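Same chain, two partners: subunit A is paired with subunit B first, then with subunit C.
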Partner chain A sequence: MSEALIGVARPRIDAPDKVTGATRFAADGYVHGLLHARPILSTEPHARIRQVDREAALSVPGVVAVLVAADLPMATSGTDRTAEPLAREEVVFAGQPVALVVAETEAAAEDGAEAVVVEYESLPAVVGLEDAMVPGAPLARLVEEDEGGGDLESIHAGVDEGEQDADEEQLSGNVLDTVNRRSGNAAAALEASDVVLSGTFRTPWVYQAYIEPQVATAWLEPSGTLVVSTSTQGSFVTRSELARAFGLPLERIRVIAEPLGGAFGGKFALIEPLAAGAALALRRPVRLVLTRGDDFQATNPVSAQVTDLRVGARKDGTFTGIEARMLVDRGSNAGWGVEGITSLLVAGPYRWDAHDLRGYGVQTNRFPFGAYRAPGAPTAAFALESLLDELAVALDLDPIEMRLRNAVVEGDVGVSGNPFPTIGAVEVLERLREHSLWRDRESLPAGEGVGMAAGYWPGGNEPAAAVCRVDADGTMTVVTSAADMSGVNTGFAVIAAAAFGLEPEKVRVVSADTATGPYAGASGGSKVTYTVGKAVEGAARAARVKVLAAASQELEIAPDDLEVIDGVVRAVGAPDRSITVEELARKALRFGGRYEPIEGHGGSAQTVGAPSVAAHLSHVRVDRETGEVELLRHVIAQDVGRALNPALVEGQMRGGATQGMGWALFEQLDHDESGQLLTGSFLDYSIPVADRVPEIDTLIVEVPAPDGPFGAKGIGEAPVVAAAPAIVNAVAAATGTRMRELPLTPPHVWAALAESKPEDDL
Partner chain B sequence: MIPAPVRYARATDIDDALALLAEPDAKALAGGQSLLPVMKLRIARPSLVVDISRLDLQGVDVRGGELHIGPLTTWDDLLRAEELRRPALSAMAECAEGIGDLQVRNRGTVGGSLAHADPASDMPAVLLALGAAVSLHSPNGDRVVRLADFFIGPFMTALLAQELITDVVVPLPKPGSGSAYVSVEHPASGFALAGAAASVGPDGERVAVTGIAGRPFLVSDHDDPVGGTDVFGDRFAPADYRRRLAIVLVERALERAAAHTAEDW
Partner chain C sequence: MSVIARDMAHRPESSSALSLVVNGESRSLEVEPRTLLVHALRDELGLTGTHVGCDTSQCGACTVLLDGLAVKSCTVLAVQVEGIEVTTIEGLSADGDMHPIQRAFVEHHGLQCGFCTPGVILTSVDLLSRDSEPSHATIRHALRGNLCRCTGYQTIVESVRAAGDALRDEGS
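Let's look at the complex of A and B:
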């Protein structure tokens, strides 16, 4: 084992191909006889489909078919996107696919799409989250949802659902789920507190804004196997969803996860059933490429939330009770929502004497909710960390010292009811406290401010397997079925190299498909490096056993007395008695060879998660007259367990912090009162672009995860969690005004400042 | 994102372009930064696209005390023009460098932008503040229209169907003049939520505002720049915000223009 390889910054192994344009993405592959599909999206937020007039479209040269729901060979009657890729009789959001035009060329498909006429009978639409909950509110969906939907929530985090609520609150039928986490008497704890603060916090729907819109290509092999090549985070979960959709056995479906052009939680089997349904119906290959406009309207962004939060503390800053009522807009996703995760994470990485946390999953006539980097966490942290910032002011305490007084350590029981595993909350806050931006925050020019906030992501578990194979040239191929997202394959390479004893440059990593690869769950939930990486480590160790066995015979030295370093097996203490891995592999991989191939299979099934804590500093300047907030500098400290490759770790920290800047200042999917999307393009929906993102300092904190490969843990989601509240707290420090609704757009900031100040101060 | 079927013709000279534009649903194409996106969305579906991009209407030069900007001059060409490097015209550079991104500035043209007349476009405010006029050519002959009379409403101008801009003329301000452009942009589109251009000097002050109404306009009372204007508002930026912004930006543009007067380029 060569542990010295761990912790060295290296370029991503996929970078040269991506930078030079050599990577083939899902829309690039050539398929003989390919047809092109264009979806017809509902223009109505809630309606019955009266009829779809296909005649004119079918007369457009090149148009092969105009498919509606009845044309697809669905095997299930549910109302989720897998079971209902095209709306059957009721549309429940503007943007829902209603028909699919399939043509010989993309242009013909577009001409055909323009000619399709859909007649609707409008139904009352319910757009407002709070309105939807009121008893008597119109129902967002009239057709009853079947049970037996997919199992997508478990992908994201190992979170139990809490108790089902026994409360007798009067709620409309749009409230699909209630969660209540309770321990102790929160009301009494708040009553007995020296300070109690409360507030209502609002966050909008937010789009994942991956560079590559969703795309899937489906065809039937002559043998009858359905093959789907797609931009997805999870090949096996997509295969399961397709099996459910069409009633096919798993072995008749092959899903190929192509290189991802970004996903961030939004690519878990969404449009694949539509492409596959068309291919099955027409028995020809069909490719569906969403335009950016389609992608804005017809995919699955993350929920709007409204959080009422109350927190209490004693004079010395010890937290007492916490109460939350968290409304989660699921849109038209009847299957699952983040009310379970967000009502857990709203307590933060802190100890509380008592808690009463409620989550409500509410359906509305908006797009179906989907995951986006740490779903449910940025919204929870925005509420909690804003109130904690106010609490520190009210108690005249340093915000970091106050948090340190309450930060959880291993063994503390969280609001999940389970003890926290190893967690670096204290270490991260202590590291942040040392930064000069924090120490010097009192001596800033007028209009500037520094804020801080902290948050965590619990991490996830899922059994996984991997294979390591050494070829006759002495190089190693690592095979997993994990989608290469955020650089995980580059991490696997160094894990395998270190565990086996090979130079990392000699390791390549293959992302296999469901027909050829060992099992791995979807890339999400900050679990890939932790779980699949652990399996890779095991596979490399198993391959090492094989190479030692062969070397032992060649060198006539017991395996225990051998070591493998940089591709050479040598006697411990006598390095001149050695043989290369390449030579051993050559001896094994040939006719009449005497040694087993140098290959290993490894698996993992961790039961304890590895939470990651990240804390932020933000330095802002606010233009009081225009409401513009300028980000001057950002600092993030994160516990990453062990930085396998600091370059990639810092990239994740910067990327997460940057997406948090989007939450804070820019991003908002806005519908008008009738349910029409107003921000359906990048002309209206803004994301943080390079010239608005400040310098970001990254402080890597390493508290090794006991069950992770070389102590590493999943780190992708934690960095986004508390970035926005740090910025909002910085705005409060700069202006004295606290904002409780995201994003802080210039008109929004201007209005808030105008409200809190006399007119002549503007 | 594929335009509806459309015919294409490349004009050989201005009169050829005008002849082609006689077709009722024909549209002139210069840099394509406004027309092509709406064609791809099939919001615009001209029968014929008349490509005027190769006509000899590019370039910036000074003659007879006037700055002449060929309407096919791209934003990038404008930014590189030596003729603009004087404090009196600094508003033009300040404005042009904030337009779109590099790709847009390489393709988009001054004349195309004026003819498109997006009410949130930046440069019209600058040209208004500088007292610019446009020369127009049609089968009926030539005419000169002051920019203040050119913009009629959102995406509407004084241009006739068979008429092209042939020159953009900016009278050179006297020495000791300065100009400036300031705006607050929509964070997604980059278009102005409000923008103000000011020109100050021995000839007096001239101020124009864009982004808040159906067209960019010259301000008559600097202390009350919005006056009775019907201010546009939407869910992102309500009218009361844009109104206040215009007042703030007019003040800032005037200050900045005054600061430029002291510069010696």
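Let's look at the complex of A and C:
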């Protein structure tokens, strides 16, 4: 085993193909006889479909078919997007697919789509989150949801649902789920506190904004197997969703996860049932590429939330009680929401004497909620870390010192009721405290400020497997079915190389499909390196056993006295007695060979989580005349377990922090009062651009995860969690004004500055 | 089945024969007059390294070089570029050797998912042809029209700087 390979910065193994244009993304592959599809999206947020007039569209040259719900061979009557890829009778958001034009060319499909006329009977639209909850409010969906949704909820973070709320609160039928996490008497703990602070925090719907729009291509093999080639985070979950949609046995479906052009939680079996339904109905290959405009309207961004939060502390800064009431806008997703996760994460990586945390999942006539990098966490951290920043001011304590006093360590029982596993909260905060930006924060020009915030992501688990094979040229191929969303394949290569004893350059990693690959869950929840990476380590070790057995016979030395280094098996202490892996593989892989192929299978079933903590510093300048917030510098410290490849780890840290800048300053999916999307393009919905993002310093903190491969764990989600509150706290430091609604756009900041006096008692 | 159109054997009625110079090669194709350059490159010539990320000319994933200038290929019609040298990401690496800018993006980790990367690289080629030692601010300004959702841009900026250094070394 070559531990020295771990922790070295190396280019991504997919980089050469990506910089030369050689990578085939899901919209790029050639399929014979391919048809192109264009959806007709509902223009009504809530309505009954009276009629779809297809005649004009069908006479457009090149149009092959115009499909409505009744034309798709659905096997289930549910109302989620898998069961109802096209609306049957009731549309529940503006943007919901109602019909699908299928044509010989994309241009013909577009022409056809313009000719389809849909007649609606409008129903009362439920747009406001709080209005939707009031008893007597109109219902956002009239048709009852069937029981038995898919697997989509469980594939994110490993979070237990809190107990169901015992209180008899009066709520409308739009409240689909309530969660209440309670321990001790939070009200009494707050009552006995020296300082109690409270506030209401609002965050908008936010869009994943992957640069590659959603795309799926479906066809039938002559054998009848349904093949779907798609941009997805999870091939197996997509396969099970398709099986549910069409009542097909798993073995009749093959899902190929193509290289992802960004996903961030938004690509979990969404448009595949529509493409597949069309292919099944027409018995021809069909490709559905969403335009960006359709992707904005018809996909699954992350929920708006309203959080009422109260926290208390003693004079010495010890936290006492925490109470939260968190409203989650699920939009038209009746199946699941983030009320469970967000009501867990709002307590942060801190100890509390007592807590009472409530989450409400509310349906409205907006898009169906979907996951976006650490779903439910940025909203929770925005509320908590904003109030903690105020708390430090009120108690006249250093904000980092105050957090350190309360930071959880391994064994502390969290609000989940379970003890925290190994967690680097203290180490991260201590590291951040040393940064010069923090030490020098008092000596800044007027209008500038530095803020900090911390947050964590619990990490997910799911059993996974991997296989590897050494070829006769001495190179290794590792096969998993994990979608490479964040560079995990590059990590797998170094894990396999280190566990086997090979140069990383000699390891290829193949992302297999559901027909050929070992099992892996969807890439989400920050679990791939921790779980699939562990399986890769096991596979490489198993192959190492084979190579040692062969070498032992060749060299007549016991396996225990052999080592494998850089592709050479040699006697420990007598390196001249050696044989190359390549030669052993050649001897094995031939007619009449005497050794088993040098291959291995590995699996993992992680049961202990591996949370990652990330803390941020933000340095801002606020223009009081315009309300514009300029980001001058950003620092992120994160516990990554063990950095398998520091360059890729830093990439995740910077990328996550930058998405947090979007949360803080730029991004909101806005509807008007009638439920029409106002920000449906990159003209209206701005994501961080190159000249608005500052230099980002990365501080890698390594507290090894005991069960992770070489101590590594999933790190993709933690860096987004507390970036926004660090920026908001920096704005407060610069101006004395506390903002409680994201994003901090110039008009919003300007108005808040005009209204409030510095450090106003809100 | 009433949902099926009668005209199954569709061919566009009015198509234009074009001769384009793409990546140094003369290519003949037939497209409808309304066909955008990006679709002609992808669908007719199979140059799928040019990506489509939006429909409002914001994202920059479809950026190509027209006579050396970075242009979003969704903003021009295919019929407009006759007589103009078109360079796509595939044309940047002659004979399989990466261009110094491509090498710099690999070595300096200037990409993650890679979807925006061809456009980012071609915009950078244009910038470096005019200014081989751009400041970080100049690079960031030049890349305003190329959206990246993965990296946070810093390693892209470092890659462009490093590419400029490499190109100057090559030239000297």
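A few points about this structure:
Just so we're on the same page, the second predicted complex is superposed on the first by the 756 of 762 C-alpha atoms of A that agree within 3 Å, B and C clash if a C-alpha of one lies under 4 Å from a C-alpha of the other, contacts with A are read in each partner's own complex, and residues count from 1 in each chain.
Quick note on the criterion: a contact is a pair of C-beta atoms (placed from the backbone, for glycine too) under 8 Å apart; a residue touches a chain by one contact, two chains touch by 3 or more.
Being a predicted model, the structure only gives us computed values, none of them experimental.
In the superposed model, A:503 lies in contact with neither subunit B nor subunit C.
When the shared chain is aligned, subunit B comes close enough to touch A:670, but subunit C does not. With both structures placed on the common chain, the touch criterion links A:111 to subunit B but leaves subunit C unconnected. Applying the stated contact rule after C-alpha superposition, one finds that A:628 touches subunit B and leaves subunit C untouched. Contact with both subunit B and subunit C is seen for A:291 once the two complexes are overlaid on the shared chain.
In the superposition on chain A, A:678 makes contact with subunit B only, not with subunit C. In the superposition on chain A, the chain among subunit B and subunit C reaching more residues of subunit A is C. In the superposition on chain A, contact of A:59 is made with subunit C only, not with subunit B.
When both complexes are overlaid on chain A, the residue A:746 reaches subunit B alone and has no touch with subunit C. Residues 106-107, 291, 293, 682-683, 687 of subunit A lie in contact with subunit B in one complex and with subunit C in the other.
Per the touch definition, subunit A reaches subunit B in the complex via residues 106-107, 110-111, 114, 291, 293, 625-628, 665-666, 670, 672, 678-679, 682-687, 692, 745-747, 750-751, 762. By the touch rule above, subunit A contacts subunit C in their complex via residues 9, 11-12, 14-25, 27-28, 30, 54, 58-68, 71, 103-108, 208-213, 259-262, 264, 282, 289, 291-293, 485-487, 647-648, 650-651, 654-655, 657-659, 681-683, 687-691, 693, 695-696. Of all the residues in subunit C, the ones that touch subunit A in their complex are 2-8, 10, 12-13, 32, 34-35, 39, 42-43, 46-56, 58-59, 61, 88-90, 92-93, 98, 102, 105-107, 109, 111-118, 121, 136-137, 139-141, 143-144, 146-157. On the subunit B side of its complex with subunit A, the touching residues are 1-2, 4-5, 41-42, 184, 186-189, 193, 235-238, 241, 244-245, 248-249.
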